[in-house]
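Two complexes are shown next, each including chain A; its partner changes from chain B in the first to chain C in the second.
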Partner chain A sequence: MSSMLLEYSLIFMVISFIPCLYRVIKGPTIPDRVVALDAMTTIIVVMLGIYSYDQESVFFMDVALVLAIISFVGTVTISKYLDEGVVF
Partner chain B sequence: MILDILSNIVLVIGLFFVFLAMLGLARLPDVYNRLHATTKIGTLGAFGVMLSILLKVGFSAMGVKALTVALFILVTSPVAAHMISRAAHRHGVGLCKESVIDEYGKACDAACPVPKEDTIQE
Partner chain C sequence: MTTLITKTVTKICLPLVILFSISLLLAGHNNPGGGFIGGVMFASVIALTYVAFGLDYIKSFFNPDWGNWFGFGLLLAALTAFSAIAFSHNFFRSAVEFVHLPFFGEIELVSAGLFDIGVYFVVIGGLLSIFKNVGDDE
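Up next is the complex of A and B:
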């Protein structure tokens, strides 16, 4: 029963990419696209966690941690660039 | 058995917040409203799902890594949301028509007022 719930949650998260992609393509301003990409990256992190439990392999959890770090650094960098015009 | 049921409940709560965030991302009218909706993925959605994995496997290698990912996302997601919303406000992205108050804009204008054209020329 538990693995069936995990498979349904993976399917649900793949479906939930559709509003993110819609907002990335259509979004009127640049912060809209950044917000949608940030949400998408967090969903990928959650999917990697569930997939790691499903496959009983620890290594996907490392990928999830690295992807979370890269997402945070990327969002902060883009917002600093939008704010001040320079990154550093 | 009790831990299994509890982890399933936490997983469903996390998925429900992911669903709410996607609904808000598709339907809300403004950058700030959409940001208000999507920050819930980081704080409640990802934390709930990772906590569910921790409850399923216990404190093994996978459980400790899931707890690490959950705490990292719980700390960094509000910081990233705050920075992108401040950058959007300073970049000049306006509020939607239905919004009634703009405290941060008034505070910015009071702190450093925009100089008039004639004062710049003098």
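Up next is the complex of A and C:
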């Protein structure tokens, strides 16, 4: 029962990629694309958490943590570059 | 000029991510982790402090020569790889030792861990020397 609910939640998370992908491809400005990519990475992190519960393996949690940190650093760096024109 | 929110989050993230990178480094070889991804974590959080506080401000009190880290890591990895020949084994042969520590239980010590530490320093030195030298250029 709980495994079926987890699979349904994974399906809905994959569906929620579609508006993000639309905003990445179609997005009129670059900040739109950056925010959409950040949202996609967050969805992947949550999917990895649910998948690790589904597969009963803790190893996906390491991947989720690394991906969250890399995504945060990248988003902050791109935001500062778009805001000021310099990174450091 | 970054905001107060970014600076506070960076101050909170810095020790946690450095501890996580060391934990990834020590978990390697049998579990997910290893020298490369631990070095990437360390370099990314130092780069985050460079971005949040500015390169000039960080360099005024914390300015190691990251190229030395690169050279130390490369030397350590190469010596680990060649030291198997000194014990009349094949190149890159890894030695395994099981030790029993209090509070930790049985721990598997491999000499490939030294190679992983070398890779860790190579990745940190390479990435951060690129970041510092590229960011410093006017």
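Throughout what follows, the second predicted complex is superposed on the first by the 88 of 88 C-alpha atoms of A that agree within 3 Å, B and C clash if a C-alpha of one lies under 4 Å from a C-alpha of the other, contacts with A are read in each partner's own complex, and residues count from 1 in each chain.
Convention: contacts are C-beta pairs under 8 Å (C-beta built on N, C-alpha and C of every residue); 3 or more make two chains touch, one makes a residue touch a chain.
Predicted model, so just to flag it, every value in this text is computed and none were measured.
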{"item": "Superposition-derived comparison: chain B or chain C, residues of chain A touched", "value": "B"}
{"item": "Which of chain B and chain C A:45 touches, first, second, both or neither", "value": "first"}
{"item": "First (chain B), second (chain C), both or neither touched by A:70", "value": "second"}
{"item": "Touching partner for A:88 - first (chain B), second (chain C), both, neither", "value": "second"}
{"item": "First, second, both or neither for A:80, with chain B first and chain C second", "value": "both"}
{"item": "Which of chain B and chain C A:62 touches, first, second, both or neither", "value": "both"}
{"item": "Shared chain A contacts, counted only where both chain B and chain C touch the same residue", "value": "62, 65, 69, 72, 76, 80"}
{"item": "Of all residues in chain C, those that touch chain A in their complex", "value": "1-2, 6, 13, 17, 20, 24, 27, 31-33, 37, 40-41, 44-45, 47-48, 50-52, 54-55, 131, 135-136"}
{"item": "Partner chain A, residues of chain B touching it in the complex", "value": "4, 8, 11-12, 14-15, 18-19, 21-23, 25-26, 31, 34-35, 38, 41-42, 45-46, 49-50, 53, 56-57, 61-62, 65-66, 68-69, 72-73, 76-77, 79-81, 83-88, 90-91, 93"}
{"item": "Residues of chain A that touch chain B when the two form their complex", "value": "2, 5-6, 9, 12-13, 16, 19-20, 22-23, 29-32, 34-36, 38-39, 42-43, 45-46, 49-50, 52-53, 58, 61-62, 64-65, 68-69, 71-72, 75-76, 78-80, 82-83"}
{"item": "Chain A residues touching chain C - in the complex, by the definition given at the top", "value": "59, 62-63, 65-66, 69-70, 72-73, 76-77, 80, 84, 87-88"}
